[in-house]
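Take a look at these structures.
In the two complexes below, chain A is the common chain; its partner is chain B in one and chain C in the other.
Moving on to the complex of A and B:
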């Protein structure tokens, strides 16, 4: 196998990036001496068009069947050179790259030693490439039907985009109505638009959409399969129709399960649950929606106090910022004043986070309606207590006020706790269901925090909205529509390309011990009960090698990372 | 011990001209630009904060509003248009009302109608009184001499009685100011010696307006100094040289040269201030409370009628001169009786006093350091 190969070796100067430290000609000379090497050259920039054409020409004229490029990291240009091989009619996996820039010229000063290292790395690549197998890229069907878990603003927005584009959507909502947490809100910040108006449009369109099937009081019990070909089992938890769970075939899944609000009972010094007129922001929303802001005794409040960061940004509860409470509190300053003319609103905050579009102007407008802003130090929370009989208020709030340095008491008839966002208690179950990860606070983890914020580490599973982290409506909708866009791009292509590198089980060697089954971080291994053998779903496999190393029978082989290839590479370095 | 905040105070201050106070978010640009903002007196941010929170008692004991001359730099720099300069102005009005035990000042500031009616009534009573008195003992065609309509010696006596009442009222208010700002403050112990040692500051600041000169804009200080010195000159002339002023037919230039200079000073500065308040281009003139206009109008009427009666008298038109004199007195009496103890004029006493008190308090402030920290240092020494 290794004797009859014809390898071409190309050492890149990378301008002077490599050549200033590594003697590229010496690397070429060393390579020429190795068995199977039919050509070896240097060039200024191998990745340039002339560089690639040099490889193509050599393959055609000299009949090369393997190529090694000693240049930079394969992360950038491995696909470039593989394409060059394909163009010349050679299997793209008959290619190996040696990184003599990041691993030699950029990190070493000693030219001689760097050159020796470059020779060794090139040698390793040459020995390895001789043992490469021709691999075939495969593709799988992409089922355009999509499962959306969660019928809030994010789930509905994603469902509408996908359905509008022509695909079918199963929208599963746990409760008996659509709308999620937004349905509990009166107006929205910062433009004071009605949340109801925003939602009604979405809900009407979702319900009437011919390609969206809404499963109210539904629960996704199980998701099996792989990208493009999932099978989801949806149970009906409704009162009457306790029918058999519905099994649906879907190509992608969007998780948009939202959040739950912080339980204010957990903070004792605010008196929630004990003092009747200490309420949460959602309880105030209810009053605002009903158009009646009053105390439990049915009186119009003269003083209303808003306390920020309840459960958020604290060492004791959640360290993160819940992002929406500051603007929601400012919204209350406006709404409460409109509902109760002449009311005095105090806004007791830690820092005013007004980072969004229109938010700073909204903050300014809130001070123009004479909101009394009082700043407290993180960790030195205010204390709410009942006022004395002679006071003109129900309660008194003691604040160590930071901007004045004074300890003050502020009167209040109604105290509103701006409760933060928390991951839902069922987030662990959902994460397990679709095989995605959660962070320390229970939020689902995206594939890349900056460049891939809607995908997850499991192919075909996307996240949107406040299940990923606290988010306001615009951000949730943006993420939902981005997820829909990603899925629609795949649907448009019809089939999904799957990497040719994955692990395979040699069924003759497999003892059926199932050690690998639970080990796989991508749940790509299933167990064939009939054959009593493990089987790897290649579309899910990321070729990490965990099963390969763990298999006591050495029955698993990772393509492109075979034992023979790796040993040859080691030998090349040590030679 | 927590201080009780009163969110309603800000509404009350609006009647005194405060506006946009709640827009302030305490960036501190105003304090950075103010030449007088030095510990322990942080101008104007600390007052803004106390007012936003309604710390009424604390504000009553603050000297900061009097240490501000309203150059307007802070309002210019404010990124939120919270008008800190105007807030300090409104606090001065509010403090004037609070120092006054009769409650009249508060009434005037809160209701311009009450002030106008009071001024009109006093003016009318003054006019009727002097007319009746003049007709009862003299001739309208005689300005001076034995049969004078309003003999200067008698008017002089009236002036001194009025001055006595004014000093009593203003003195009481000053005493209350001292109590609120220094006397009742248990943390500050000013020795009698310190009061005596620093007493020179009172006439010094009164006469030179030296602190005002530290503001970046010098024009307002110059105008104010000219106005103040003109007024003071006139006051001295009237209180001590009225006989020489009114007597004729010879013109006593030793007295009159001062009188004419003061008249020019008063009229020029009053007209310039009125023009400023109408144009509203300079920050200190942008907002005008009714009391600001009353102050300027009375001053302008007093100065112009005073000059008019002089001209008429010297022209031999004694009847017209006497009528002008009565009109003059009709403006002078309400200006002094109502404006000095109960309105804007009162600052002539409060400002120098505030500088004096502020200096005394700042000097006494080290006593406020916790004993625990100071003691070991003393022992080592």
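Moving on to the complex of A and C:
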């Protein structure tokens, strides 16, 4: 089977991303010398249309039946090239990728070593692809009912789009009300429109929607099954109705669990928790919503100071920017001035991040309402202390002002800490629940940062809103509606194509020892008592290969990850 | 000339391979000695793969999976964790030094950690010198 193959090998320059370090022509020459290689070429961008056409043309004209592309990570473009093979009438599994960008040119400076490694990885892919089998993709039913975890602005927006299109939604919210963090906000930046107005429309529609079932004080305890066919167990954590958990069948899951704010107690030099009039942005929101901005003593503040980047962009706490605090601080400059006429507002910032639509104009307008802007160097945070008895203010803030180069003392009666966003403490539990990954800061990881920002590495599980990374309302809603759109496209097709990979038992070799039976985390292996053989239910198998490696008779075969294929790869990298 | 060891890396698709990709996208430089083979889960790594790699001339073998508790398949890495000591005992019997075969956990966000492990392992195997494994020693175990 491996002797009469005709393999095409395509080495991508990736512009200069690969070609600047790896000698792509040398990789092609080395490939040409290997058995079964009928064509080998380089091209500027293999993933481009002309690049894919090159493969399709070669397949048709040269009669190729296997293809290797040496380029980026298969996690990026394996599906792209599999489609090209399909287009040319070749089984998409007669394809293998060698990762010579992420694993060679981007991490090695030594051109010779990088080229040698690229040759070895390409060789491994060539030897492997010769042993590939044609596989047929499986198709599964797509249950249109969708589970949305989190009843904030993102979760509600996704639920509404799906329900409006005709499918049913279970919306599970941990607290006793919908709205999430947006419900804690008074006005929104940059147009100063009411958060309550935005939310009321969403909440009313969600609650009244005939196809949305809201589970307040609910907790998703378990998600089992696979894409299109999940089973979720929802527990009622409410005071009264603590009945048995509800089990629901769903086809897709959207995780929209949001964020929590940074705990300002962790920064001691701002005096939060010690000085009574140092408050967080959410505590100020509460005052603004009540229409009363005052000190703890019930006095009208004469001086209000806003301190940016509390817990964000710091080496000590979170290195990332929380994205919403700059515009929120500008919003406070407007709102506080409206609530307390004659108040002096100082805005103590590191850099003003005004990246969004309408934000730069909002910044300009805020400068015009007589806000005192003071810039400090990242890492050299201001210090808040209690003022002396004779001073006409409650507190003094010492700032090493960057633009003037001077140390300035600012009076304040109310200090507002612009606390950043953090991943929720239960993000680890949620990640395990739906089997997705978290980054170093605890945010859920998307399938691809640019091309697939709403899907995850687990098929059928999507993420939306600030559980993925700090986001403002428009971005959260956009991601939520994108997730809904992805799910609706699948619902419209009715059935889903899933990967052809699974494990199967060779009954002639199976001794019936049953070692594999308990190993499977998905209980996909059953035992046929009559035949005394184990059998794998392919729909449940997720192709991890645990049973394959454990079988003492080598009776289990992992499709697309067979022993022969991996052995060929080992030989290839070491040749 | 310094000895450049050849190391075969078996990486699970979901955590470790993605972590290695992150080292790439983050442009974290590391030693070019490890050649990566992707498997879906560390539980798929048959001890025979390691023996085969040593038999075919690898000076070291690196196995990477998700951190305990983080496995994409819930518990595959625990299976690897249990097989590993048995494999190491077998390798010790054949005179394969401790540092030549290594099991590490690398998550999808640990590009730097992956690079550090590769650099450290390359250094240690370089110090050990070429693998003493003679083809005949392990061929019985591999041919099956």
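In the analysis below, the second predicted complex is superposed on the first by the 372 of 575 C-alpha atoms of A that agree within 3 Å, B and C clash if a C-alpha of one lies under 4 Å from a C-alpha of the other, contacts with A are read in each partner's own complex, and residues count from 1 in each chain.
Here is the rule we use: a residue touches a chain if its C-beta (ideal position, glycine included) is under 8 Å from a C-beta of that chain, and two chains touch if they have at least 3 such contacts.
All values derive from a computational prediction rather than experimental measurement.
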item: Partner chain(s) touched by A:81 [first = chain B, second = chain C, both, neither]; value: neither
item: Chain B versus chain C as contact partner of A:462, first or second or both or neither; value: neither
item: Which superposed partner A:332 touches (first chain B, second chain C, both, neither); value: neither
item: Which of chain B and chain C A:544 touches, first, second, both or neither; value: second
item: First, second, both or neither for A:230, with chain B first and chain C second; value: neither
item: Of chain B and chain C, the chain that contacts the larger number of chain A residues; value: C
item: Touched partner set for A:272, first chain B, second chain C, both or neither; value: neither
item: Chain B versus chain C as contact partner of A:94, first or second or both or neither; value: neither
item: In the complex with chain A, residue positions of chain C that touch it; value: 4, 6, 8, 13-15, 17-18, 20-21, 23-25, 27-30, 32, 35-41, 43-49, 52-53, 56-58, 69-70, 72-76, 79, 83, 107-110, 115, 144
item: In the complex, chain B residues that touch chain A; value: 1-5, 7-8, 10, 20, 22-26, 46, 49-50, 52-53, 55, 58, 80
item: Residues on chain A engaged by chain C in the complex (per definition of touch); value: 73-75, 99, 101-104, 106-110, 113-114, 116-117, 120-121, 124, 432, 435, 437-440, 445, 457-458, 501, 519, 521-522, 542-546, 548-550, 554, 558, 561, 563, 566-567, 569-571, 573-574
item: In the complex with chain B, residue positions of chain A that touch it; value: 303, 344, 346, 352, 363-364, 367-368, 370-374, 398, 401, 403-404, 406-411
